[in-house]
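Common to both upcoming complexes is subunit A, partnered first by subunit B, then by subunit C.
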Partner chain A sequence: MIPTRPGLVRQIVAVIHKDLLVEWRGQARLLAMGTYAVTLLLLFSFAVGPDTKTLQQHAAGYVWLALLSASTMTLTQSFRVETEAGALEALLMLPVDHRAIYFGKALANTALLVVLACLVMPVAAVLFDLSAAEGLYWLLPPIVLGAAGLAGPGTLYAALTARVAAQQLMLPLLLFPLIVPALVAAVKSTSLVLQGDPMGQMSSWLIVLASFDLIFWSLSGLLFAKVVEE
Partner chain B sequence: MKWENWVGLLGLALISVGHYQGLFVAPPEAMMGDVGRILYAHVPTAWVALVVYLVAFVAAVGSLGSGKRGWDALVESAVEVGVVLNLLLLFQGAVWAKPTWGVFWTWDPRLTTTAIMAVSFIGVLVLRAMLNRPAQRAVASAVYTIFAFVSVPVVYFSVKWWKTLHQPFSSPETVDSPMVTPLRVAAFGMLFLAVFLMARRWRLAYAKLSREDEAPDLPPAAAAIRLEGGGA
Partner chain C sequence: MEPSAVETSALGRRYGRRWALARVNLQVARGERLLIAGANGSGKSTLLRVLASLLAPSIGSARVFGHDVATEPSAVRARVALLTYTPGVYEDLSARENLRAQLRLLGRDDAPEALLERVGLELRDDPVRGYSAGMRKRLSFARLLMQRPDLALLDEPYGQLDPEGFKMVDGLVAELSQAGATVIMASHMVERAGALCDRGVLIDQGQVRWEGPGPQTARAWDAAHGGGR
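Up next, the complex of A and B:
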């Protein structure tokens, strides 16, 4: 009997499993990224000065900039492991839908960024004396949607720059201008959770973030096959 | 003479006429006085920059769909001309903003979007310079051009929500009639000049890409030497 090819969802799950397993076996890397992000938070405080009020007001911005900075490492890493020893070519030769590779890797990267955010947030809360005015669970939508906003186009660009020698430079150069809307919306919505949201603006920022994710995840899913075939 | 040279000359003539009228014939702008005359340079630059980026987007879709090097050369030429106009636009804007708003820069949505647009498309040029394999470079720059173009409205609306200050778009309907003619003339002049530059740049890019295709196994510089018979 010829084994049937698993459906798209099962392929995606398999790719996520593979990526997260690779990440799990190299836990030191995740720890290093967390430490890097926390170090950035400390540096922001030193650059701004020890004024608790100012730090508190800008905390959401610092957290997201730290995550953004650390995310370029996760993203480059997710394709570095693939280009080593021609792993990507082997993956492409399998009867796997190329969209499954993209969505699998992008979801795995989103998950990693969410984990990273969960490591960084408590530290920021201690450093900047934060409290979630709108309830702690409200932090989850901006974090998940924001992480997806970075990981979606980020995964495509990591694939795009995987064979460029100066990838560490090229990835942020290409990615950062593009994700400005996601950054603005993620910072605003996170800030509203932390500072309180008397005007009820939270939902509109989350809609901006969700629309951004929708546009760029679909576009990336559409174009990824072209990028890896080359 | 090649067709684009005629277009370029026509553009130059129209720009001269438009700016002569704009500077000496048209009345000073009601609110801004003579400072407002930068309108005749600034508004055409903005329009044409967007048109040129649109050309780059269409070329990127064509390049990705067909894989033909003519489209890829058009991506290179349009993005490059677009970036030049984009930087010019930012410079004019800053020059105009200082006497009008009292600052060179403000976080207005259109300004911010224009700046982000500039860095995005400069990214395309950097990416092209970094990639040596022609097929890979064509795909990567086409994909990134599509992303950069699609992101322009998204960036605009997100920043607009973030903060707003700029006056509504200038169009012939919002401008008084003695100012319309020089504006239109200057805009067409700018457009023809951009077409001229894109066509010249396209020929250059196409010639270079053809060279690479003839010797795909060598890096571009070495390929050029071999074809010219200068190498071993």
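Up next, the complex of A and C:
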């Protein structure tokens, strides 16, 4: 009997649900990731010293460096759980669209990074004295688009390096040069929210981020099948 | 006329310079139970993985229900389930959660409890990470049954199981067969598996060396290997 396949969106939702459940069950990993990001912020804060103005000026950069470093843990982990007991192979053996696996995993990784950013931002606000910043809800667009900029190509490269022994080393080597435009745009737009935007540049940087995401999510979605198949 | 369940023609697969399969010609009728026997590294697992479309042939062709494994993997996978030595599960999830996640991917919302009971697993909520090898194997069987395959590819189905587990495998193979599925199993338990199968083949160095009735496979193996099983 040939089974009927659920639609692409339902498959994507099923992959997101599965990935987030796996992450939720492995809560120690989430905690480790959050602790790592907060520790980095603390180190930046101590390295610069009690110069409040400098800390405020560079706060966006420090936050995104912490998120970038922690993102390699998230991305590596998202494929380690797939390969440690052959789950990815079992997943590929199901009549599931490869695009659903990619977009589901990339969206789950984006959600995890957004959650991480939401945990890190209050710590950054205290450490870098960001209490004067207004309209902090405007941080959401750069955080979501920036997290997607890391997670989109990051999920593809994590799949590519999943069977490599030195994955923790290979992933940043491949990924970091590629995501420089997204990172620059995320830092600039976050900084404009924290420092104020008298010239109205915010929308331009968000367009850069959104364009980056659109291009790399589309390309990665197309390439994912080639990467995970033999 | 309906195509055979499996049809390979001069099928070959190599890893680097070593040929794991060399010119294998095999035809398996729908509903047939076939045992593939052979020593370690003889090419049994590679053959099953090629038929599951997880490995592409290096030469020749393999068709499953008329679909080419290299060019139509989606059509093949829609009808095939593969049991391997890895359980294919998420270690941090419970058995129930693992099955439920996969059922959701198939667009189904049936309860996984019946499947777990069928393979003799208790309905526990602890993660699979703490399971023994035998329990993982039983969970792999539950996953295979969940797929309701037309072709079940079983790589060492008796591996890691206790004697009760052996009986469970025998029962599941009979059940799959009664449901109309074709079963191809690779096993070192030649006598037990041979008695279950309609036909057996002996593979050595990637080539089919003997083909005959399933129950005679053990004798053919003994003749080829001087009784060492």
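Keep this in mind: the second predicted complex is superposed on the first by the 223 of 230 C-alpha atoms of A that agree within 3 Å, B and C clash if a C-alpha of one lies under 4 Å from a C-alpha of the other, contacts with A are read in each partner's own complex, and residues count from 1 in each chain.
The working rule: a residue touches a chain if its C-beta (ideal position, glycine included) is under 8 Å from a C-beta of that chain, and two chains touch if they have at least 3 such contacts.
All figures in this text were calculated on a predicted structure; none of them were measured in a lab.
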For this session: Considering only the touch criterion stated at the top, classify A:L214 as touching first (subunit B), second (subunit C), both, or neither.
Result: neither
For this session: Check whether A:P177 is in contact with subunit B, with subunit C, with both or with neither, and answer first, second, both or neither.
Result: first
For this session: Could you say whether A:Q11 touches subunit B, subunit C, both of them, or neither, answering first, second, both or neither?
Result: second
For this session: Report for A:E84: first if it touches subunit B alone, second if subunit C alone, otherwise both or neither.
Result: second
Exercise. Now for A:R25: first (subunit B), second (subunit C), both, or neither, which partner does it touch?
Worked result: second
Exercise. Of the partners subunit B and subunit C, which touch A:V96 in the superposed model: first, second, both, neither?
Worked result: second
Exercise. On subunit A, what residues does subunit B touch that subunit C touches as well?
Worked result: 229-230
Seminar exercise, completed: Residue set of subunit B touching subunit A in the complex reads 64, 116, 119-120, 123, 126-127, 130-131, 133, 135-136, 139-140, 143-144, 146-148, 150-151, 154-155, 157-159, 161-162
For this session: Quick one: which bits of subunit C touch subunit A in the complex? Just the residue numbers, please.
Result: 52, 54-56, 73-74, 77-82, 84, 86-93, 97, 101-102, 104-107, 127-128, 136, 143, 147-148, 150
Exercise. Which residues of subunit A touch subunit C in the complex?
Worked result: 1-6, 10-11, 14-15, 17-18, 21-22, 25-26, 81, 84-87, 89-96, 229-230
Exercise. Can you list the subunit A residues touching subunit B in their complex?
Worked result: 153, 156-157, 160-161, 163-166, 170, 173-174, 177-178, 180-181, 184-185, 188, 204, 208, 211-212, 215-216, 219, 223, 226-227, 229-230
